[in-house]
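Note that the chains take the letters A, B, C and D in the order they are written out, and that residue 1 is the start of every chain.
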């Protein structure tokens, strides 16, 4: 059966359940589905965050994510892959990002989901700005995210 | 906030979406939710499988999974953890097992979910029997599952 | 003591559980497996490869050299294949 | 050529995009950053640590020594923080 790759960059929220169901629906060749949901936290630092604003590079964001989704499809035996990344203003508790991977084998599904999340954290053209009581600030890139992404180039 | 650990061993199907939603509901301290769904495949070998029957050791199954869930809670900074394992007759495309982990950090959520799945594959008292046209046979344990489980004892 | 059998161990022996009274010189899990093996054809078939058999005492995994004294429930089964 | 700025690079320069015509001796990404730095206070502030700045040419990540000839759209931005 065919493998389905879906990439969406959108402001609107998404339905994790529906995305998982869509990958598995009507198929009996999938043994494992892994989903990763990234959520907006309210307590990242001492100062509570009232919202995040995600800026992105329209066009490049979609193309870059699709390029990495295709890399994941080439690298692991996947039967389906969905990546959704939101932009705009997002409040604590809301979804930011979703990766769903489907495979016959659990290790492939786990690894591909981790690979895509590590990529999204470090190389997808999105930038987070935190809104707090005293104003706001751009989130700084984390070196441990770079280290996590680097392990896939070995 | 408190961490919620849920372990269920049941014949009835479960609702992956509802379980993911239950872990995240009303909270703003969770940054990552990973879910793993294990599904019954119809095409594991040359002979198509018409169903799996999962036998389990009532009492020990629940206790052993809970013990490993607590190990995961001690090992990773988790804010919630749900494990559901079905028993009885399950047909291709149906759910077998669900692990959902919630954490502030994605690596913890991924690792804890993989640890629990590796454990469930090798040490939880469940046995799969495959039903095929020519009868059926007990699924043999796989050495690569043992190897996957062994990496967590390092 | 109560003994439980699962999966193909259960099928080969032909029952899911029973109460047994092994002699006092049967002290460990592996001695109990050897004693059970002599209880009939189904038992001999179930335990023909004793190294493959996994054992739980009172619902906890144990090793072949674990003592069985004080056990209320001993279970024998093949390698597990859940998940 | 069209230039785009994102996140704090955009805020410091005070615009999201513009069309520029750098002189012919500006050949690489790092030479373009150096030239932009001299275009005013906002530019100088945005590019004060040029090593931090990431660049894409026609929506593909590039290195500081990449040639800019033929580029239709060049974007400058801080390290990415999506996911």
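Here is the rule we go by: a residue touches a chain if its C-beta (ideal position, glycine included) is under 8 Å from a C-beta of that chain, and two chains touch if they have at least 3 such contacts.
Small disclaimer: the values here were computed from a predicted structure and weren't measured.
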Practice task
Quickly list, by label, the chains bordering both chain B and chain C.
Solution key: none
Practice task
Quick one: report the Å distance separating chain A from chain C, using the average Cα coordinate of each chain.
Solution key: 48
Completion exercise
Distance between the CA centroids of chain C and chain D (whole Å) is 72
Exercise for the section: Report, in whole Å, the distance between the mean C-alpha point of chain A and the mean C-alpha point of chain D. Expected result: 27
Practice task
Going through chain A residue by residue, note those that touch at least 2 other chains and give them in order.
Solution key: 38, 106, 117
Problem - Residues of chain D whose C-beta touches two or more other chains - result: none
Handout entry: Contact pairs between chains, per stated definition
Key = A-B, A-D, B-C
Problem - Complex contact set, residues of chain A against chain D - result: 38, 54-57, 59-60, 63-64, 85, 96-97, 117, 120-129, 138-141, 145
Problem - chain C - residues contacting chain B, complex - result: 4, 6-8, 10, 56, 59-61, 75, 77-83
Practice task
Over in the complex, which chain A residues touch chain B? Could you list them?
Solution key: 15-18, 20-21, 24, 26-43, 92-93, 104, 106-107, 109-110, 113-114, 117, 148
